[in-house]
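Chains: A, B, C and D, in written order; residue numbering restarts at 1 for each.
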Amino acid sequence: MSGILGVYSDKDVSKELYYGIYSMQHRGQESCGMAIYDTEASEIVYKKEKGLVGDAFKEEELKNYKGNIGIAHVRSSSVGHNHVSNTQPFVGSCRSRKLAIVDNGSLVNANYLRDSLEEEGFMFQTNSDAEVILHILARYYKGDIVEAVKMTMDHIKGSYTLALICDDSLVAVRDPHGFRSLLLGKKGNEYLVASENSAIEILGGEVIRDVEPGEIIVVKDGELKSYHYSEVCKPVKKSCIFEHVYIARNDATIDGLNAYEFRINCGAYLARNEDIKADCVVPVPDSGWAGAIGYANESGLKTTEGLVKNRYVGRTFIKPTQEEREIAVRIKLNPLASAIKGKSIILVDDSIVRGTTSKQLVKSLREAGAKEVHLRITSPPVKFPCYYGIDTPTRESLLAASHSVEEMREYIGCDTLKFISLEGMKEAAHGMNTFCTSCFDGDYAVKKIDK
Amino acid sequence: MSGILGVYSDKDVSKELYYGIYSMQHRGQESCGMAIYDTEASEIVYKKEKGLVGDAFKEEELKNYKGNIGIAHVRSSSVGHNHVSNTQPFVGSCRSRKLAIVDNGSLVNANYLRDSLEEEGFMFQTNSDAEVILHILARYYKGDIVEAVKMTMDHIKGSYTLALICDDSLVAVRDPHGFRSLLLGKKGNEYLVASENSAIEILGGEVIRDVEPGEIIVVKDGELKSYHYSEVCKPVKKSCIFEHVYIARNDATIDGLNAYEFRINCGAYLARNEDIKADCVVPVPDSGWAGAIGYANESGLKTTEGLVKNRYVGRTFIKPTQEEREIAVRIKLNPLASAIKGKSIILVDDSIVRGTTSKQLVKSLREAGAKEVHLRITSPPVKFPCYYGIDTPTRESLLAASHSVEEMREYIGCDTLKFISLEGMKEAAHGMNTFCTSCFDGDYAVKKIDK
Amino acid sequence: MSGILGVYSDKDVSKELYYGIYSMQHRGQESCGMAIYDTEASEIVYKKEKGLVGDAFKEEELKNYKGNIGIAHVRSSSVGHNHVSNTQPFVGSCRSRKLAIVDNGSLVNANYLRDSLEEEGFMFQTNSDAEVILHILARYYKGDIVEAVKMTMDHIKGSYTLALICDDSLVAVRDPHGFRSLLLGKKGNEYLVASENSAIEILGGEVIRDVEPGEIIVVKDGELKSYHYSEVCKPVKKSCIFEHVYIARNDATIDGLNAYEFRINCGAYLARNEDIKADCVVPVPDSGWAGAIGYANESGLKTTEGLVKNRYVGRTFIKPTQEEREIAVRIKLNPLASAIKGKSIILVDDSIVRGTTSKQLVKSLREAGAKEVHLRITSPPVKFPCYYGIDTPTRESLLAASHSVEEMREYIGCDTLKFISLEGMKEAAHGMNTFCTSCFDGDYAVKKIDK
Amino acid sequence: MSGILGVYSDKDVSKELYYGIYSMQHRGQESCGMAIYDTEASEIVYKKEKGLVGDAFKEEELKNYKGNIGIAHVRSSSVGHNHVSNTQPFVGSCRSRKLAIVDNGSLVNANYLRDSLEEEGFMFQTNSDAEVILHILARYYKGDIVEAVKMTMDHIKGSYTLALICDDSLVAVRDPHGFRSLLLGKKGNEYLVASENSAIEILGGEVIRDVEPGEIIVVKDGELKSYHYSEVCKPVKKSCIFEHVYIARNDATIDGLNAYEFRINCGAYLARNEDIKADCVVPVPDSGWAGAIGYANESGLKTTEGLVKNRYVGRTFIKPTQEEREIAVRIKLNPLASAIKGKSIILVDDSIVRGTTSKQLVKSLREAGAKEVHLRITSPPVKFPCYYGIDTPTRESLLAASHSVEEMREYIGCDTLKFISLEGMKEAAHGMNTFCTSCFDGDYAVKKIDK
């Protein structure tokens, strides 16, 4: 899971890149980076670092980065080996052409492509998709970047959204199914692409539209041109519903649907289909807030902040010993005993993946005196792993993959457990039908190719 | 504004100090520190650092700090010179006795005491109250720590809550009016004192009671003894209402009143006295959430998250230039246009100090399409500076000091503006009458002594 | 200019790599790194950092690096773009084979190779030779590492010394002319290769011999095998004389010649051919010490430490303003006035490149009262740039390229100036005839290929 | 052991303080600091840090420090507790007067003064002499700084050299016996005081003279005035001979005697009194170089660099395990086998304290093939601890305190061992008779007062 940003301007872009990825920090806190095309030197300068945007870039530095075309990236930690540096952007040069890439997504045939290239003698320095894509692109890029991107898209399968610097052009690409979000904006003479509209709006720009599935956007000499990767093929749109369930901020409007409104609607749908009489609605902060408000608004029940979140728990938290484990849980989320004592509560969260956090929270609420805990989830059970970039665990670790709802309830220890249905979710999305729901129903638009 | 913690245990306390101040991080993000009495060496080891608890202390380090008596501190940035190190704890030795202090509060006669001591040839290395208090204490401490504390309390006027290491004793003190909060807890054989109950509860301890105004608690050889600073004098209790308005976390219960309940009640009181018909209630995150929920629950209006907060804006944010100012504001709080467009909204916040933030938010909401913005504040107008430790600005900067409510409304640019009344607040506190409300009514229990 | 190290052991090698490159820190202070083959994980872990070895690696970290095969590197700053990360080792994988490389040297056909590979669609992420070499090697490495190395050596021209991890083998290579040094050592069951013998000896190992020009050494399953890159071709040996002039430590013995002895002999040769009667010999610290002692021992003149060096001037020294320039020079080397006042001195240094430092020192000595300054250089005039890895500037910046000795004397401002002759240097090397002296005579064994 | 610096200028002094303590870095690498009187704010800004000058201060920072009066300090690690911050300067305020102090020296009655002050209720935050002195000074300073300093000097016994900021004055003080060095310089309108003349000269200033024992120098309003601490008392001068033996740089001229010349003379004296026929002279780097050159020049023997020093071994060196101990020793000083094999060598060092290093070096030289090792020391046996600031260990740890020269030779393992005599040292100092030699003969001018 990542956030990407591309800016084509007539001024230095380093500060805008900084503010832009700062506003998408929620999409990844593990590392961040930016690359800028320095027109004077005809070179790409870049920096990528572990840690938060605010810690990684200093004012002095940003001033020194010259150039009017830039891309930037925030990235969440992923499975895999932490000795190998997967931070983005990737920067390379080939036939004296300068290239840089940032990517959000996940290829289903990354291993196959890697193997093929290695058979030809190519070598890889990381296990990142972006390195694979950049190698293929570099190979085909002999002057016509649109052709090179099209030929690259013929090879790569799965989800991807790219922002590229190709010499003096900014290029943006969304995969043919549009699995991952990408929006196009304008601010004066400037063009912007970003994973979330908030990045564009916060910079003072206006969102023009979503980048279309399969679309290739090239900004060069101040002008934007749009291409489609194929004349003959129009795959169905399958944009990721999990953006709306969990990833995007409330102010995100992706593929025409606002995340907050969707979340409120999901909560309201659950409330309309409720058969339990409870005393109040308690959100799991922060992921459950919007659903809880939707539920409360619809049901007429009062919202109660029954779990208090520590805003400062972040990356720098020492590992607790076994005895300190419970202390560590309470530091993150402490039950507000006086507000829940003796109450029958509707606890609202956005999803259940492994179920361990839910289990701990229910235990914690019961110890603080809650009479009944009815857990309501604003997305259906996650039964299938995501191959398109959401960092869900393997099937074995997905609670819903091997447990019925009743077995899940028992494991978690709540009094009742309910999920919204796929139909409910569709209703909450105003009947929209272009979402990828493979994590719920296993209906994969593009199959995983392991070898 | 600070948070203090003291632990007397039969085991090493460094990890508990760490977790405890981590849980009070919201009370101060500027610096933190801890001091521990190392019984083997009969020495006090300590560390104090700028920055967050998680950044300041590493696991390796904490393991190396030996000792079963400890105090710790988090501190918010204060007015004053940043070259002078005011981080706490202060540690000193006198007549081979080891002393360490942490303090939350503000003396009204600090300058007077400082001058008197300097007349006698004493010298100060910082401008912190804690250094003054420690000097006076050291002077009187010749073996009987209770006598020394009493004599010190005869000199120091204003608000203070102290946790002290005096050789092998842990001492806790709350000023005679009890301006600032201090709670006493127990966990097995361990005694704890903390500015907020959550620190005690999160560590797995149980709150026994609030430390009484004027009380001196001494834990030595595993036993707790309680003293009162004066046989003859019982000043009226004046605990700070701003803890409940703003400072403490929702899960704090101080002097018998839970902060969340109070905040909910304040919102509800405003709703009961409302004469505007609006479409929804919008909280100013995060300070306005509880009040907004109270308002919504009472009024039956829907709560809407109309302002989206960036959770990552912290200390490490580069200074925006003039042109970037608006970007920086939106990075912190971005209006959720789709949720507020065309709506008449009740905007709820906890207080107005300078009024500049409110002004920006109203502007921002109007630009995003809000039809009407009715600002409701869950505390009365702040007209008087605080001398007891709340970091309010001088009178000149307090908007309410020189503006009527209508003038404030005009300055802020909202359609209507209402504050809860002092009576309303009292009702929200279940009629409790022991609060200091000097920032609202100028009724100072202890006068400021400037020279 | 770099130092490389390779270790094949039956124990974890991280600590030995650390100590080994620590002992070669004089060969490069800009960056350092190590890669280790973790047999359990069949993976290569690595770290590379800017800065000194002691700052880059912490004990905790070294403990965590598991694996019995390792390579390591120290590197001096080079010309070129500081945004591009050229730190070594380079690590890659190809056909599930793991590769890592460290290199000391400089290819004369790097640009040509780069262009050819880019024509085939390869992309480069740095401008380092090591990346080029690793790409070529990866391409040919399909199981037989010796064949792959031989085929790689057919392509790469110029100077190189390589230590490679190829899966579970340690491979060491010295270029066919042996431009750069590489020594082979043994310590119990362990094999070591290093740019300087001191690294082997300090680790407690024994030097077996120099790696031969064109030799390929492979250590696998605990056994060492040696190969020659070509059956038919035996290029003449051309080991770099500058190692003995300047780079290597006094305790280095490379290709059978000890650096200290050579330096002493050069000074003595100059003394035997002296026609000036001076009062004392002053070394330019630290580079001129050995030559000065050789001169003094031979001439019977007294050695005087007329220039005092600040041992702490390193990378962290703030840039002086124009007015502070002279202060900065004196901080580095301050004349010892009392020792040189009124004296006629023989000032001994190892080489003159740009001549600016010599000029400043002579000025400084004169101001401190020296009557006469006779500059003696223990290497011939450097008239030609080095293509094999010594960081000499372009021809234009080489003082001797465009100035006669008399013109150089005038520029520098000394009373007389003498260089050792090529013959003198040969005599000092006991008549050895296998050195590359291209920087003095322009006789390049391998021509530079720019395209 | 420390280096102090004071500058009174008509310009900002931060950069000069930086360069000045950089040039005295050899006097202390543990911590450094500076304090500057900011005339505009009538305040003292300061910073003190662990680590080297170059690491502690950044250009940006230095620019921000405004003020024309400054003091600065470098400090070597001392015995004692590393949790207590003893870094200098100490800064305090008293009766709205601003004070700052840096000190080089060691009081013999520090404990007594501390106890007395604590009896009066004073409290100490460190165990540094400078804090004691500053407290006493603050007490007496009511406007007349000269009187205050005189009264302070009546209390403090032992060695001290002070540079003080007292509001808008710079004050420099040397103790009545002049144990520690302090020199006065001028540069244009600027006055400078420093522990070593090199600091003054490197800044472009000229040394005027040594500050006299018992002298108080006050620079105010651009004018220098000199006072003597007592009208009636003129103690004998006892300046520390160890400055010349070991501490000061070769370019230091303290109390009229140049350190390099003295060291050369000591080596020559030993050579004149030699009865062994050896092959060459080997210095222990870096401390033995000057003595070795003096010896070689006098004896006609050749100097040989038989031990090669690693210039980069500093504070950041990981702790070796037991097995790595010998590696660690060789990393610091590696014998140059080819130069000493089969040779009978004169090994010259400046002093023997514990004898452990000498023992290791002799072992190391023998293993590298030395036939005979004759150790010559350019100072007499150190039999008594120093109470005046040289960091010698307790008597028990001084090898010479409990061993005859023959027993020392046996412990160290050399063939012969000789020290220069006190008379020899006096001769090397041109008959000067004003040195403190208490570490050699136990003749303490001021007795240690423990309580």
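The definition used in the following text is that a residue touches a chain if its C-beta (ideal position, glycine included) is under 8 Å from a C-beta of that chain, and two chains touch if they have at least 3 such contacts.
Which protein is which chain? UniProt says A, B, C, D = Amidophosphoribosyltransferase.
Owing to the predicted nature of the structure, the values given are computational and were not obtained by experimental measurement.
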What's the fewest number of moves from chain A to chain D, given that each move must go to a chain touching the current one? 2
Among the chains, which is located farthest from chain D on the basis of C-alpha centroids? A
So, what's the distance in Å between the C-alpha centres of chain D and chain B? 48
Taking each chain's centre as the mean of its CA atoms, how far is chain B from chain C in angstrom? 60
Distance-wise, how many Å sit between the C-alpha centres of chain C and chain D, to the nearest whole number? 36
Contacts with two or more other chains, residues of chain C listed in rising order: none
One finds touching chains in the pairs A-B, A-C, B-D, C-D
In the complex of these two chains, what residues of chain B are touching chain D? 43, 45-47, 81, 83, 90-96, 99, 115, 118-125, 134-135, 138-140
Please name which positions on chain B make contact with chain A in the complex. 15, 18-19, 22-23, 25-26, 29, 52-55, 57-59, 62, 198, 201-204, 249-251, 253, 258, 260-261, 286, 289-290, 293, 296-297, 300, 302-305, 308, 310-319, 321, 324, 326-328, 330-331, 334-339
